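Working notes, structure below.
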Amino acid sequence: MLTGLAVEKLGAWFGQKQVLNGISMTIGPNLVTAVIGPSGCGKSTLIRCLNRLHETVPGARQSGRVLLDGQNIYLMDPVQVRRTIGMVFQKPNPFPSMSIYDNVAAGLRLNGIRERRPLDEIVEKSLRMAALWEEVNDRLDKPGISLSGGQQQRLCIARAIAIEPQVLLMDEPCSALDPISTAKIEELIQELKKALTIVIVTHNMQQAARVSDYTGFLLLGELIEFDETPKLFTNPRDKRTEDYITGRFG
Amino acid sequence: MRLNRYQRRRAVNVLVSALAFLCAAITIIPLLMILGHLLAQGAKAVNLDFFTQLPKPVGEVGGGMANAIVGTLILIGLACLVGLPIGIIGGIYLAEFGNNKTGWLVRFMSDVLNGTPSIVIGIFAYTVVVLPMKRFSALAGGFALGIIMIPTVIRATEELVKLVPTSVREAGLALGIPQWRVILRIVVPSAKTGIVTGVLLAVARIGGETAPLLFTAFGNQFWQQRLDQPIASLPVQVFTYAISPFEDWHRQAWAGALVLVAMILITSVLTRVVTRGQYRSMR
Amino acid sequence: MSSFEALPAPAVLPRAGGANVADRLFRGTTLLFALSVVVIMVLMVGAMLRTALPAIRAFGWHFPFTSTWDPVAERFGALPFIYGTLVSSLLALSIAVPLSLGGAIFLVELAPHWLAQPIAFLIDLLASIPSVVYGLWGIFILAPWLRTTVQPTLAALLGFLPLFQGPAYGVGMLAAGMILAIMVIPFISGVSREVLMAVPNSQREAALALGATKWEAIRTAVLPYSRSGIIGAIILGLGRALGETMAVTMVIGNRPEIALSLFAPGYTMASVIANEFAEATSDFHLAALIEIGLLLFGVTILVNGLARLLVWSVAGNGAATVRE
């Protein structure tokens, strides 16, 4: 059985500016939870609070609790947290100095696994899970940055799942990709959720409706509504949610 | 009348443009002359002996500067031992943690060091290495050259490590890799080409330094392997021969200068060619 | 959601213990290396002050204003060297500044790209030629040419000025100034180009849209905008010229005298250190030379600091160190 996340009264700041206020939500295991909202509403900050990446920005801080296995991640070693909660970013960001193979193996190697055989196995498994193996298995030693944008993003997914996280955070993973690559990654999300808990931030409501089980609507740093995806999209409780999903404001 | 004024303005424009062009042309004439004379004078004296033989005493024709060429390489190696750790690791500090008062102070001092005449750095090496050891030595020369390298290397490292996008750092952190390993294994390797360029440019610069060696490495007419002894170097040898009253030595000085300039220009031009497009990979 | 069951971390991964300690250790180590730059500067000033102390004590404030330099009698004054350094540097600037600025304006504002690039590359190349090679060229090519051609012509045309009187040796203040000019051109030209390029295009276009010719646009829009940066570039060149040693030592004639004529030999602060340091006759002699080094150090710090302030105000950090 996998683990979900429980967010309790999460607040976040950049310097004096508060960007998140009193966010509470439960992220169920083996489910895809989407966070939608207009740009600047704090979606990215929210997801970056879930693996403690927010605090690495100078001047950034947060309050509240995020529970993983009932344990507050803010009381754990951040390195350990990030090992358990992986992340895929908005723009594909393979390590520029590494080959395809080394990119996928990076997390394992830098965490102390060096023998060739387990590495080979995990790299292949991860690339297969990321639906990239067939396309790259003949050129694993080529630089990761030589791939196309969509392939790079799937490489980053492979890199993230290679260390077998329990939760995968995806910060607008398709916003820099073409429609075909986007479709591939959405397909992939459905596959991955069998093994993982997924939180995805997106500015694309159709995407949220397509891929997620639960959706949260975020506006000006507050969680306006959080519900099962079909319910939220067909029968929102809050007027603001309705305005947003019907495109009545930006 | 109106047309006249317009024509005058046009004429001024053409005249000034021509003057500006002339300035640009004049500034490159000395370069072409120096390179031309170097080739003409130096080629007459460069031969195999020059690279394989020791200097001959006054009066004897021939000989070479083999010891000075090797000496220069040894001095560069010693300089790297001093300059590279401080330059590269210090540059990493400035890029990753240097956004504070300490970083400002280090940057400021590095700038001051960069503007310090190399002969003053020679005096420094003399007071802290030559005086305690009570003799001129390769170590003292390498120390002086190493200090001269630091500002170039520290600046290159800082700027190129900073160029590595934040997204790469975050990708590493998000994999649960400790920050120090992210920096050492992912960020710095991404900036490797640029750092190597900076190091090579610094080497090209110190390779031709003469003033700080005059009273640190001093000079030597013979082969010598010990680092605590005076050592010959190409620039100092060129200087000694150039100001001597002997025809033969003047010829050797030209040959030495030609070899020195060739080594430096090849290093810096190659560096630029090889690392062209080094940032392409980061975009 | 009641399924927050404990699940073991993936078995293959060793636990990360004490990453924080390692991070702090790493940061501390890099800090030590960075701080060693500060330590070096402090040590440099300290060591030089200590070794120069006997001379500082003996001569006090008279040192920079006395013109006797007699190692045998152990009487030392730095005035001729200060004079030689200042005059040779100013002479160099008066030659290099117009050429560098004119060239920079041509390369940035007027020249087509295909021409500007190679010329800029060649000018930059001047910076990578070692000082001792300039000196060699100065002794054997420049000085004879000055002696046989330039100085007689100058004497005939302008001989009524004290600047151009006296015997023509070739080597001397004029040769030093010219060599220094060639050597500082790439610095002044390079920083000026950066500064000119930092002028926003909208400034040029605004002037051109008013019907200005190219030169009028440069004069009215570009130059005023970049003035302090260009002054910075010039002062940066001055800093280079003040500390330049080998080439000057080889062509200035090395005579500690103050002469009005540019044909006469002179001596600079850096040159006297280069010539006498290794063979200093006594500790006292050495102390006097190191005191000259300290003076030179102080002056270059002031000059470079001023230059950087001016360049930063225009082109931002980094322009002042483009090619070093």
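Should a chain be cited, it is by its letter among A, B and C, assigned in written order, with residues numbered from 1 in that chain.
One rule holds for everything that comes next: contacts are C-beta pairs under 8 Å (C-beta built on N, C-alpha and C of every residue); 3 or more make two chains touch, one makes a residue touch a chain.
Because the structure is a prediction, the values reported are computed rather than measured.
K.L.:
If you take the mean of the Cα atoms for each chain, which one ends up farthest from chain C?
P.N.:
Following the centroid criterion, the farthest chain would be A.
K.L.:
Which chain wins if you rank chains by how close their C-alpha centre is to the centre of all protein C-alpha atoms?
P.N.:
Chain B is the most central one.
K.L.:
If you average the CA atoms of chain B and of chain C, how many Å lie between those two points?
P.N.:
Computed from C-alpha means, the inter-chain centre distance equals 15 Å.
K.L.:
Where the centres are mean C-alpha positions, what is the separation of chain A from chain C, in Å?
P.N.:
Each chain's C-alpha centroid was found; their separation is 53 Å.
K.L.:
Report, in whole Å, the distance between the mean C-alpha point of chain A and the mean C-alpha point of chain B.
P.N.:
Chain centroid spacing, chain A to chain B, equals 47 Å.
K.L.:
Taking each residue of chain A in turn, which ones touch at least two of the other chains?
P.N.:
79-80, 83-84, 111, 163
K.L.:
Which residues belonging to chain B are in contact with no fewer than two other chains?
P.N.:
As it turns out, chain B has residues touching two or more other chains at 176, 178.
K.L.:
What are the residues of chain C that contact at least two other chains?
P.N.:
Residues 16, 19 of chain C touch two or more partner chains.
K.L.:
Which stretch or stretches of chain A touch chain B in the complex?
P.N.:
The contact residues of chain A facing chain B are 51, 53, 56, 58, 79-84, 86-87, 89, 91, 93-98, 106-107, 110-111, 143, 145, 156, 159-160, 163, 169.
K.L.:
In the complex, go through chain B and note every residue touching chain A.
P.N.:
Against chain A, the touching part of chain B is residues 99, 164-165, 167-168, 170-178, 181-182, 185-186, 189-190, 192, 281-282.
K.L.:
Which chain C residues qualify as touching chain B in the complex?
P.N.:
Of all residues in chain C, those touching chain B are 16, 19, 22-23, 25-27, 29-31, 33-38, 40-41, 43-44, 47-48, 50-51, 98-103, 105-107, 109-111, 119, 122-123, 125-126, 128-137, 139-141, 182, 185, 189, 213-216, 239, 242-246, 250, 270, 273-274, 277-278, 289-290, 293, 296-297, 300-301, 303-305, 308, 318, 320-321, 324.
K.L.:
For the complex, give me every residue of chain B touching chain C.
P.N.:
9-10, 12-13, 16-17, 19-24, 26-28, 30-34, 37-38, 41, 85-86, 89-90, 92-94, 96-98, 102-103, 105-106, 109-124, 126-128, 131, 136, 147, 150-152, 154-155, 159, 176, 178-180, 183-184, 204-205, 207-211, 214-215, 218, 235, 238-239, 242-243, 250, 253-254, 257, 260-261, 264-265, 268
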